[in-house]
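First subunit A sits with subunit B, and in the next complex the same chain sits with subunit C.
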Partner chain A sequence: MLTREEIAEKLKEILIYQNPGDSERIKKGTEESGLIDYFGLSSVGMIYMIIIIENEFGVSFDNVGMGDFKTLGDVVSYIENAKKQG
Partner chain B sequence: MKANDISFFERFTDSETFSRLVYHKSVGEMWEAAASYGDRHAIEDKETVLTYSELDVLIKKLRGYCAGKGIVKGDRVGILLPNSADFVKAFFALSGMGVTVAVLPVQLDPGTVFGVSMMFGLKGIVSGCGLEEKLAVAEAKKPGFVKLLSDGEGPETGYDKDVQPDDDCVIMFTGGTTGRSKGALLSHRNIIAGTVFGCYSLKDVFYRRYILCLPLSHVFGLVRNLMCSVYTGSTLCICRNNKDLFADIGAYRPDVLVTVPALVEMALGLSRLFKKNMFGTIEYVICGAAWVPPYLITECGKLGVTIYPGYGLTESANLVSGNPTPAEKPESVGIPYPGQEFKLVDGELWIKGVNIMKGYVGAPEENAIAFTEDGWFKTGDLAKFDEDGYLYITGRTKEIIVLSNGENVSPAEVEAHYDELNYVQDCQLFEDADGDGPHFLHLEIVPRKTELAQFDAETANAKLMEAVNKVTESLPAYQRPQRITVRTSDFERTPAMKIKRYKKFG
Partner chain C sequence: MGSFVYDFVLVTASPALLWFRPKKIYENENAKKKVRGGALMISNHNSMVDPMYLMLCIWYRRHHYVCAKELYSTPFRRWLFTQFLTIPIDRENFGMSSFKEITGRLKKGDLCVIFPEGHVVRENNGERCSEEEGGDPGESSDESSGAPKKELEKKSPMLDNLKSGMVLMAYQSGVPVWPVYVRKDKGFFGRLRIAIGEPVDVKALLGNMPTMDRIEEVSRMLGEKENRLKALVEAGTRGRNKK
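Presenting the complex of A and B:
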């Protein structure tokens, strides 16, 4: 089972893949950093991230709204819980 | 200058196909012709499959139901439905009755639905799929408001043959030339022109399989995706959630995707990451609503996918031009479609034509800005033509930012929310990018030092950002700045002391 820190690091790798030009800033992001105002995700960027997460982590985002996730930590918590519930 | 005649466009297809691209008098007449596609699938929406014949019966029954509720030709009625078979049914039922359809974005809250119903003078709204609760405020506050359910059925009723080409057909939301939300009123002639134009670029345009991922409340989705699909006897495969787009492509096996550049960019990125062509069965991508970078055309070409860029506006029933030869002139938005005239005034593109809207609903000031007295529509886009008549968009005269996902953002509208804060002296929203990376919205703020002087530096910054973040969260997602910078100095000013606006692109 991945720790919260490991999940957050993997998520940052995904965000850097989506936006390599902003890699230094993304690396400095914390769980409190906002997906929109800090990591700069647009609506399509959010979908992009979720498609990769579903593939990489094997968790589904079927019954949640994109607006439910404000910070990186929100996504980490969702993945952590989904993994626990198996 | 005038656009090419209709006959010019025959070269991009074969004569039999071309002869079938007729201009119907009204949307109702067009649907009546489409109904003869009979057993072909009109819609696939997960487990729901409707043939043209089956859909025709449902449309006629919904017309009977609406008529029973007192809806008559000339009324204005809203549609508040997600992308679904119900939307398609409601759209053709109402437009066939000679009713003017106001297509409402599904994200509107109940109060705004009421406000819009007052602004557009809607007699009622067709809703369903769980969204009907959003009609509650309009029902309670608007006298005589008619709540219509998309699964309503009444006696089968045919289309109104007396509807004329210049009768009102659709009201679409747009930011328009000034960025303030308003309704563009399009006639049956406009919508039919947009539909036929959309069929001029592809070689074999009939009996395709379209996947729908754009909202039908956007003119690009309504005209180029829904209308073109139905007009050509194609199947409209409905993607309910864009995160499932690629799974849906696998399941539906569509061959045409109508979308925005940001989504094509995403498909290419995922193709590289997963080492798999994410476009799957897609052969053609109709790409628009924002500038299409030429490298997207090249990169998609390597995957066997042809991207057709085009140019249009809500006010032009989606289409002005389309590029039928993207490999030869990837930077062009193509050849203007027939029935239009153009003028370049100080570089700005002005248009008259069969596709240009009747005007903005109840907005005489906006109409006076958008149209000249002799009827030219001022697009706000800077353009040029090359020696072969191909059109290029080179910039914008207006301060509207067009995001790569097609959303229009008015900086002034967004800045006004932040300017209301006591802690903010001034601010500026602009389109930015890091190197060659994706474009994003950047807000720079000049703090109001007199208000913040009571706090120490750390607290002042925390107070400012707390207030700023609250505003950011209250904005619709597409208007939110993705980067916020607090300046230590004022903006550069013009001689009139106005902020000198940044303009990095366009």
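Presenting the complex of A and C:
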């Protein structure tokens, strides 16, 4: 079972993969950093991130909207809960 | 049931709709191919009757229009638009279930149609005006009702800022994007013109696991293609007017 920190690190790897030009900034991001204002994600960027997360973590995001996630921590919590529920 | 109502209306209304059949202009020989299998068609959005013209243009396929969920505002509208195979999306809080519904249909071999400007952009004599974003698209067509008109925002004469979600949809489902351009102002006796571009294989362009910059780049490339189709259809119209 991955810890919150490990999930957050994996998410940052995904974000760097999506936007390699911003890698330094993304590495410094915390769980409180905003997906839009800090990581600079557009709505399409969020969908793309979720597609990769679904493949990497094997969790489904079917019942949520992109607006439900404000910070990196929100995504970490969602993955953590989904993993717990199996 | 949905397909039955759709086919029934199309077949019974076709003779009357022949008057409105659009004139097709093709970008090249590749664009003349029939749209087969899963395909994502993208178009400019002049008015709420664009879907009808597109259906008359590609009459041999059922179209699944991606539309704003506001169109489903009453039970009757919900029933009606469901019969016409539309796929509602929440523009304010887009969900993965909608994305998967669209890519699922594309993978199944259906034809989905999306207006990547995200709202109606009216065009008259080369001027483009966008209706206020987030408004009810159902109301925007209701000009005769006496309802107060929405504020219009003047737009660039070129199609720009196409939403790159379309690229992601085509990429995820591995289907080609068919760009088309509908020219609205046709005059009473004239025939509306639709330019059809050659299909774009987004998957081949993007390769494996593209970056967001690359996705945005392909989205801009499709926007430029739309503008070329616009120029093509306008050149054709000017030529016709000179004769």
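Throughout what follows, the second predicted complex is superposed on the first by the 86 of 86 C-alpha atoms of A that agree within 3 Å, B and C clash if a C-alpha of one lies under 4 Å from a C-alpha of the other, contacts with A are read in each partner's own complex, and residues count from 1 in each chain.
The rule is simple: a residue touches a chain if its C-beta (ideal position, glycine included) is under 8 Å from a C-beta of that chain, and two chains touch if they have at least 3 such contacts.
Since this is a predicted model, take the numbers as computed values, not measurements.
Visitor: When the two structures are overlaid on chain A, which partner does A:Ile47 contact: first (subunit B), second (subunit C), both, or neither?
Guide: It touches subunit B and subunit C both.
Visitor: Once the structures are superposed on A, label A:Asp68 by its partner contacts, choosing first (subunit B), second (subunit C), both or neither.
Guide: Only subunit C is touched by A:Asp68; subunit B is not.
Visitor: Should A:Asp37 be classified as contacting the first partner (subunit B), the second (subunit C), both, or neither?
Guide: first
Visitor: Quick one: is A:Pro20 in contact with subunit B, with subunit C, with both, or with neither? Answer first, second, both or neither.
Guide: both
Visitor: For A:Asn55, decide between first (touching subunit B), second (touching subunit C), both and neither.
Guide: It touches subunit B, and subunit C stays clear.
Visitor: Which of the two, subunit B or subunit C, is in touch with more residues of subunit A?
Guide: B
Visitor: Quick check on my understanding: which residues of subunit A belong to both its subunit B contact set and its subunit C contact set?
Guide: 17-21, 42-45, 47-48, 50-51, 61-62, 66-67
Visitor: What residues of subunit B sit close enough to touch subunit A in their complex?
Guide: For subunit B paired with subunit A, touching residues are 241-243, 245-246, 260, 262-263, 265-266, 269-270, 273-274, 403-405, 407, 433-438, 440, 469, 472-473, 477-478, 480-484.
Visitor: If we count contacts the way the header does, which residues on subunit A are in touch with subunit C in the complex?
Guide: 17-21, 42-45, 47-48, 50-51, 60-68
Visitor: What part of subunit C is in contact with subunit A in the complex they form?
Guide: Residues of subunit C touching subunit A: 90, 92-97, 99-100, 163-165, 168, 172, 209, 211-213, 215.
Visitor: Where on subunit A is subunit B touching in the complex?
Guide: Result: residues 17-22, 34, 36-37, 39-45, 47-48, 50-52, 54-55, 61-62, 66-67, 70 of subunit A touch subunit B.
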